[in-house]
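Step one of this worksheet: look at the structure below.
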Amino acid sequence: MSDKIIPLEKAIADHIQDRDEVALEGFTHLIPFAAGHEIIRQQKKDLTLIRMTPDLIYDQMIGMGMAKKLVFSWGGNPGVGSLHRLRDSIENGFPHTIEIEEHSHADISSAYVAGASGLPFTVLRGYTGTDLAKQNPEYVKWIECPFTGEKLAATPAFTPNVTVIHAQQADRKGNVKLWGIIGVQKEAAMAAKKIIVTVEEIVDSFEDGDVNATIIPHWLVTAISEVPGGSKPSYAMGYYKRNNEFYKQWDEISQDRDRFHEWMDTYVTKVENFNEHLQKLEVNNG
Amino acid sequence: MSDKIIPLEKAIADHIQDRDEVALEGFTHLIPFAAGHEIIRQQKKDLTLIRMTPDLIYDQMIGMGMAKKLVFSWGGNPGVGSLHRLRDSIENGFPHTIEIEEHSHADISSAYVAGASGLPFTVLRGYTGTDLAKQNPEYVKWIECPFTGEKLAATPAFTPNVTVIHAQQADRKGNVKLWGIIGVQKEAAMAAKKIIVTVEEIVDSFEDGDVNATIIPHWLVTAISEVPGGSKPSYAMGYYKRNNEFYKQWDEISQDRDRFHEWMDTYVTKVENFNEHLQKLEVNNG
Amino acid sequence: MADYTKDEMMTITAANKLKDGMVCFVGIGLPSAACNLARLTHAPNAVLIYESGTIETKPDVLPLSIGDGELAETASHVISVPEVFKYWLQAGKVDAGFLGGAQIDKFGNINSTVIGDYNNPKVRLPGAGGAPEIASNAKQTLVVMRHSKRAFVDKVDFITSTGYLNGGSEREELGIKGEGPAVIITDLGILKPDPETKEFYLESIHPDVTVDEVRENTGWELKIAEELETTPEPSAEYLGILRDLNERTALAHSG
Amino acid sequence: MADYTKDEMMTITAANKLKDGMVCFVGIGLPSAACNLARLTHAPNAVLIYESGTIETKPDVLPLSIGDGELAETASHVISVPEVFKYWLQAGKVDAGFLGGAQIDKFGNINSTVIGDYNNPKVRLPGAGGAPEIASNAKQTLVVMRHSKRAFVDKVDFITSTGYLNGGSEREELGIKGEGPAVIITDLGILKPDPETKEFYLESIHPDVTVDEVRENTGWELKIAEELETTPEPSAEYLGILRDLNERTALAHSG
């Protein structure tokens, strides 16, 4: 068994520092909630949080005051509405005002590709005429194609200190395999200096057959932790479905500051680990 | 059954014109030999042939006078030595001198990605200090990262008129699936205006399970032809192995102009189709 | 047959704008309902692509999020997010992008970022997501939004997704590849851009809606087509299929 | 124990330069033999990557081409060619690139393009392939080539892959990320670059080879290390494993 396979508590304690640039990726699917909760429990501070879709996990982390800055492209509760803790921080400075760096999906996904490719910037046909470009002249520049003269947007590569992802499986050597909606996880991982992975299960070896499956190889991975259910209330294809009902409930829970803190206390900060969180949720919500 | 599934003769006749820029891709694996032979039989002329590794198929096409220009990055007989027909054209102008446009693998693969991405150029960290860059100032330019000031190479995107690939399977709707060493086929196909595909077999539908498999979807494909063994003497993972022995024999066959033409007559121009080619090879070589 | 809601009228009218065989980049919510309704009726070969990388997906129920398991399980195949934005959207392989937003102005510029000042917003909206590049790189965009004075404004507070900017040929001159918003479908009518000025005017009005009602709900002085059409009523067939879809969806998401 | 060929000596010496756990970008021919021998002996955890996109491959026989089925079947996984060049090589995730070539000069520049003038070549060689970016983006490169006056020249006819250019700090000043050729292993000895001038000198000589023999086969005035080492003889174990590998390979490719 690889010595990179360690408990999540240790993975987060050893490899995420205050003030780090941290990307927790997973596009609706495989969102690393367990890792996010552990970061909250360990009270990591002044983080720059990168994520295309902050989703509930960053709403929780921002609400609990972990973030100095948010880098994102779409900050809503998918299909439901607002992320109230994010809005409360931006609109009312509660618990404090976070710095905002805002992109488009096309840009962030391309910026991860550039980071993974060892390039300092990426080129995209986008942003033309938008106020996002005007608002952010320090990271949307315009360059000319040296062959056609076409003007295109250039934006800086993303190279997080740590990328955290959740995957379906790791084998005993520490190779990580994911499938279904794979989002930007491979690129975000390859772009990062360190990679922390939680998985549904550790298997002896992957099933044969698909040589082209998406795999992060063991020597690139910094730490792996087995956390069954580790992406709930999001989902893991082949393991469990998305808890759409909870996404709707979150709208209410998060609207009120007190109710939010009570919920976080009960289900996150005062539990031992993610497994206890899941058990408690199940008991209290039937 | 999709009406895009047509005989190879018709696919080549209808969709490749004289003077086209044509890319036949497949990195050692799944090289579209059947399509190449059909292009020779139909005497398409003045083609610009694009391919990372010209391999035996372009040696044959160049030797038979199909090419006006060759765009490539490594022009040898892998593990064996030279491509003698290619060399005879460049060194001695036989059957005529072809124009050469020479890149590196990193560049061409990146140029296909740019073409597939709808961008006019690509950026890579490469070529610095090389004579390839000095030799080709019209397609290796230097640009500055607008954020770091780093100097990087910029090269034009590839957008062939037609990309031809060989794949393991197509389904009846015309979706194409390939696996194993996938090379640059997806990018070369997505970058092209037309896509011609030969496949080992047409199946009712792909086996379930792998949602992330490499697929070119049916509405992008221009024509599909079922040609079992269509990439021999290269190979198709799951169907047959590479004929390494033939790659070695080619060294001798191709060294002599007369012997080359005799071989081409016997096995390519005077056979009806690729199936007859394979049968004849088998009979004569036991 | 007049027994339908305004939202149903809007969704069915939007669905009718999608032609069979079109490759469509679909946003969540109203666009998703319209696209799937089209697929279940007159456009069985429409190709639906969601930005989660699900290609030619055929969900049985409407997804709540843009990356529900339902989308992956019913897709022909699933690719990465960088790939869907580069190889598909940016490469011009999307015929139509369906968009919504919080605000749209008379030149079809869309705001989904902030109400008020960017640095001191009254309301912070979710932000850009895939919209700016859908708006600029899809061959055309179709907009679906509920009509209201708050949403249909003279000038958006923030241009998240480029329409025709200040109108005329400004969009074209900037070299944007996609043609821009071809139509805005609302719960009151259908708006189209003037070929010259690119200002959106009322081309068609839904049954039982008055021109005054549309004007009252529009934040600019809305021009009316000389020969104003009346949008056809939804057929019983489309209504039935849409209601079944919504019912299945509600059931699936309640669990 | 003196019963070994010059090629065997070269391959085993090259193999010994590969440390366990290294991520190695492997070219066909001599580099491939050396890397696989290392993997079968002291470096079982070396990660071999071929430019065909085969990652952590463990071929039982040496591949004839860079994309043999054997490589795909024994790999941990297989990625696309753009990905191997971008996410691996260009991103600095390759510790060592093993290269060969037709010519190399005293500053480690490699030619695999043409002998003679580019536009009117005496000999047209296969060309660049992956070499230029291996030479510039791998953390270091190791070169394996048979010693001869034709191959070891004062100045290469064409710089396909950048070594130290004209020596000194020129390579560094151009901003090339990889450190450059760390060593040239030949069938006669081992050459290393002078830390200042970057000119390659003879650091070690293989058993039973004379300095004169090396000089005669080198096209520049080769400097000799003050304390010239003698390369250790190959062990019986390594020889046995290499010969088994070559035998399996010959058998596999004959059929």
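Per-chain numbering from 1; labels A, B, C and D assigned in written order.
One rule holds in what follows: contacts are C-beta pairs under 8 Å (C-beta built on N, C-alpha and C of every residue); 3 or more make two chains touch, one makes a residue touch a chain.
As the structure is a computational prediction, the values presented were derived from the model and not from experiment.
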Inset, instruction - Count the C-beta pairs in contact for B-C and for B-D, then report the pair with the higher count. - result: B-D
Inset, instruction - For subunit C and subunit D, let me know how many angstrom lie between their CA-based centres, rounded off. - result: 57
Inset, instruction - State, to the nearest whole Å, the distance from the C-alpha centre of subunit B to the C-alpha centre of subunit C. - result: 41
Legend entry - For subunit B paired with subunit D, centre-to-centre distance based on mean C-alpha positions, whole Å: 28
Inset, instruction - Pull out every residue in subunit B that's touching 2 or more other chains. - result: 113, 118-119, 124-125, 150, 180, 182, 187, 211-213
Legend entry - Per-residue overlap in subunit C, given as positions that touch at least 2 other chains: 72-73, 78-79, 86, 90, 137, 177
Inset, instruction - Throw together a list of every chain pair that touches. - result: A-B, A-C, A-D, B-C, B-D
Inset, instruction - Write out the stretch or stretches of subunit B touching subunit A in their complex. - result: 118-121, 123-125, 139, 141, 143, 145-148, 150, 152, 154, 156, 179-180, 182, 209-214
Inset, instruction - Using the touch rule from the top, collect the residues of subunit C that touch subunit A in their complex. - result: 28-29, 51-54, 63-69, 71-73, 78-82, 85-86, 89-90, 113, 118, 121-133, 136-137, 158-162, 165, 170-171, 174-177, 252-255
Inset, instruction - Enumerate the contact residues on subunit A facing subunit D in the complex. - result: 113, 116-119, 175, 187, 190, 211-213, 215, 217, 219-220
Legend entry - Touch list for subunit C against partner subunit B, complex: 21, 23, 47, 55-56, 72-73, 75-79, 86-87, 90-93, 137, 177
Legend entry - For the subunit A and subunit C complex, residues of the former touching the latter: 27-29, 52-53, 72-76, 78-80, 82-83, 86-87, 90-91, 102-106, 109-110, 112-113, 124-132, 135, 150-151, 180-184, 186-187, 235, 237, 241-242, 244-245, 247-248
